[in-house]
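Down below is the structure, laid out as structure tokens.
Chain nomenclature is as follows: A, B, C and D, assigned in order of appearance, with residue numbering initiated at 1 for each chain independently.
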């Protein structure tokens, strides 16, 4: 029997049926600012206020980390807590998480919204993540990462009905030269993934939600394991080689800024995943060159590249959400809390429109001849109306 | 009369007389960790504990931001405050700063330490810095940055007798494409510098301390004005063209990681400043490639390049301090609070020793022929004892 | 007396009077292709054919290296020669150069074209440049570089009446770590520049043409001296400090791809030079991220950034030429020899038009508040007609 | 049956049995220099002279492109030919290639040398490669790339008995944004690989030689398909999913400079391939940061990182050759033709020695705790004898 990679819309026809027309943003895409080099410039706002702002912006699908939602239970005091309250036991924390997820589901329903992405915060929710997550050689850290993910998938499937569960690689990386015997950390990472998928698929069967890897090459750590789109894809294939029953539920969430941080072309990363039926979700934004993680609005660096990406999605028949991961600028005012989101959504919509204007027969012919000069002339004319 | 650039040791013979034998680290080089992607892994420790640790490590010169020292007055509650207490007036804040600086001076004296660098925090001490500092088009922000700096120079000269007052460019940059008409922001930045230097030199005359620009190309902002060593040097020359009386007190503090973030060779940046008599201070550390600001221990990326830098300093007769700016790794334990400092100091000392082992006659002859292959053979033999 | 930096249009009112309406391309922007990793895909064409193609494209100002023009004297056999014929003496070479420059002038005149840039090839015209040029520690190499440049300036002023003489830093750099004591190479480079300017200004006085430094951070060498726009500017200021009579004739030719290779924002580099009255010429093109020198058509990476640059020029009142330095793509056909030139010119014109559409009162107000979100909303509306 | 990735030493026990003690360099690692920005500084030397120089340097395994060897048949006139003589038919070219390969085998035997790598030049041997190779949409280009590779594998297996046949991705990439619908080019590339492997394995069965992908992220083209180690690995896994009989013969040749150009850590890339039993060969060299392809001697940027890589190989039990791909520096003299090779070999040997000095029990324990500070202290002591 010949192996076949499945397309997500074949596995989850009810989830993957969009036509480049549904947007998905994170509640963490609005925040007070601040950090290592800044003091917060904006007031804290509640999850409910965020959902209102997203609804105002016409955003139907919402993404959230577990820890983003705790204020739905704890109220305003959540503003002062990084991650979970330190005095809680693990089971209390997970009980709190499920309660918050349930409230989240209700709040979404009230506004006609749905959960785009659910993901467990494996970076600043606990001190443990300073030591990595799935691939950590510290057993308790690896164990906690697995358990949290299982709880997160449970919430994603049973409570919020997320389009995708996302695993962002986070701190699962190195601290510089010599920090690890890499094959060991890579094996441990994959073993954890297999355990997570094995238990989840055993539990949910066909109701298992899409599990999407979100690679990032660096930051917070020096370099991350499975930190590029291609490396994450290699991991999915590798698992598929041994456990096709698990691999079929695994795919990628490719983030534009992460690709650019690692000097790969995000359009090409999209293409590599699309060709394998493994592009489960996207995170549009902008970055420009390799640098710190900027999370700018899509198109802030280049609209041409944004149209290229949307055109790849169009021609490939991508059926997922138009997700994005963007941050307010440091100096954005309280009344500009959702400005980056609005700008991103407007431009992605514009870019989809441009991509649709490009005649595929013409494009195909030009590309068949590798006639890049001709392609760009055609683009200037159709998209930018240059004479 | 022919213009002459002065060397720092000609202007401040009492300050610039070292022989690559005195180390300078910041109290901020020990901290609990945490941030955008991590939860703090270590306990907060007081300035006094930090000074003890630095003394244990054999560090004689200490660097500090104003805001690092507030616990000397406020005690442990300073641990929970980012920057200055929000309910204080500006004059109360500056009074607190001077009080803390005075305590700092006393604590240094107790331990036989001296102030290497004093610098005002123009990044996360106030919300205003979200809008830049000297070059901000918001007048109140620019004004506050000037006043704070004047107060800082006062503390540096009159209280702590710092070897160097440092201006790190911080957030004085852009937010991406179109964010400013660049000539305007550049002019404003230089005007602020001229005002600061003019007032300070008028006040202190020959007692004026060295004022060192610390460039950084990006992070926190998209790109910073005068953000590279060469650009900061151009600024100093430009001011010198119009106000040689001010320019002579201005020089650079070049940080290795900042050079590498901007793809310049830090050894070459050192050289460019040394050639002009403008290398007032250095910040050794490591980074590797362009990426987020890693502040690794010197040599964590390459010992060869560290020896190169020390060799440039040796041959040029650099008389300043061997300063560094490094951070603990995320997972460093409480008992490893100063591990990065100790590693850096050990390696810098080792590299100075290697640089001294290189015979300058041999090096000169090889370099005169651009015989890079010969140079590297010689280096392998002398420094790394390769056969 | 207060020092004043002059604007190029004050020194050369007859040369700097354009209004973002005159284009300048190099004859070397058309070529057969090939190189380290490719075999040439196109036929060799003569300088006359190139001038015809540029005339067809509406390009009025032409840029050339000395060695590009030798076929005007030697005919087709020049196609097989890299640089000058090896069997000629130096005086024969320079005689050939002047003869070729004279023919060039005549051919330009025939077509109503003028010389935008004249520059001496200090890279692959002779083996000597493997050892650098002005800053070489090999005396004969430095001497040859100075003599060639003096001959080039003579041709620029007396024969072709170039708008600008350009010195591209070329191979004047390092071979990696330890390759030089940097202050020495930097001093030698500046000394050579002073000698060149001193002799040329003594000879031509007010008829001296603008001398523009073209920095490039790396490639062919590891890192280049005065290799960034800011570093070249620092050099000009430094010379001006000691020799204002020479410094006033010196400025920059900033190339977009070179800025991007060094991780600086070309719009900011333009701005830094404009603020000092030192932007003598520009080389538009595209690159994207730091990588090998791509010389793509302007806008191939981002049209937004191209509009930003044109807007900086507009607001600053830049009076120079709209120069560019682009290469055909490897697979461009014989009939696409000038495709990259045509694409670049079309887009630069489009971007100037967009820049003019932006209302400066609105932009000024938004920028005065650092309201980047507002700026980008305005841009999307005015330039890209997004709703 | 459970899928098992095989280690190369299981498949080819006669080829993969080394103990980090055999070196492999390319005949192309000695050359006259020159190129886009330089004129050649050294005289052309014959393949036989190169083999002598390599023998003098103690290099036992030799790597070659088909086109490097043509002088063995054509004599000195080969010096003036790029690729194959243009007036030959394809069958004449391949006959010439086989004749040259046969001579190569004989010359190796004379000197007690063996063939480390055999590879077909799919970049500057023909004009066709301007349009890519395996993934080209131009059918004749793809077809020629397949045929050439089949001929190359034939020579590798039947004539020179190469340790590895290498496919360097070369020009199989994009020309910038919009240049292709990426899934199509990726599919075509993989299809070509499958055809090549299918025919070769059918022909040679267990005598099939290892086929190693050598990824490179960019240069000559904008971005390359399967251009990173992880992406090439994903390709191998993908093929293995459908054709495990072919996939088992496919692995990677990871080149340090290529990893660094793409901002991945080469030690981690080694690790990722080692973990999968897919590291068939390595190309050591140096690069530093992302930039043009520098091909410096191993360790020219960092000896610490070189020791890290050798340590990964040691712990993983790598049984392949210590291959390298380095270039002379532009100004290297005729008598320094093999200087970069000698420097590389010396340092790799030194680094292997250092790696062996590290006590694995100590390293394991430190790494198990993610104690990077402890690891680096241990390293400084053992490798660099720092106190």
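Note that in this section contacts are C-beta pairs under 8 Å (C-beta built on N, C-alpha and C of every residue); 3 or more make two chains touch, one makes a residue touch a chain.
Since the model is a prediction, treat every value here as computed from it, not as a measurement.
Comparing the CA-atom centres of all chains against that of subunit A, the greatest distance is found for C.
Looking at A-B and B-C side by side, the one with more C-beta contacts is B-C. Here the spacing of subunit B and subunit D, counted between their Cα centres, is 43 Å.
Averaging Cα coordinates per chain places subunit B and subunit C 35 Å apart. Each of residues 131, 175-177, 218, 222, 261, 263, 288-291, 300-302, 304-305, 329, 331, 370, 372, 376 in subunit B touches at least two other chains.
Taken in their complex, subunit C has these residues touching subunit D: 33-41, 82-83, 123-127, 129-131, 170-171, 175-177, 218-222, 261, 288-294, 296, 300-301, 329-331.
Contact residues on subunit A toward subunit C in their complex (touch as defined above): 260, 263, 288-291, 297, 299-305, 329, 331-332, 336, 339-340, 343, 346-347, 350, 370, 372-373, 376-377, 380, 384, 386-387.
Subunit C contributes residues 2-3, 5, 131-132, 136-138, 174-187, 217-218, 222-223, 225, 228, 230-231, 233-234, 237-238, 240-242, 261-265, 267-268, 270-272, 274-276, 290, 304-305, 307-308, 311-312, 315-316, 363-364, 367-370, 372, 375-376, 379 to its touches with subunit B in the complex.
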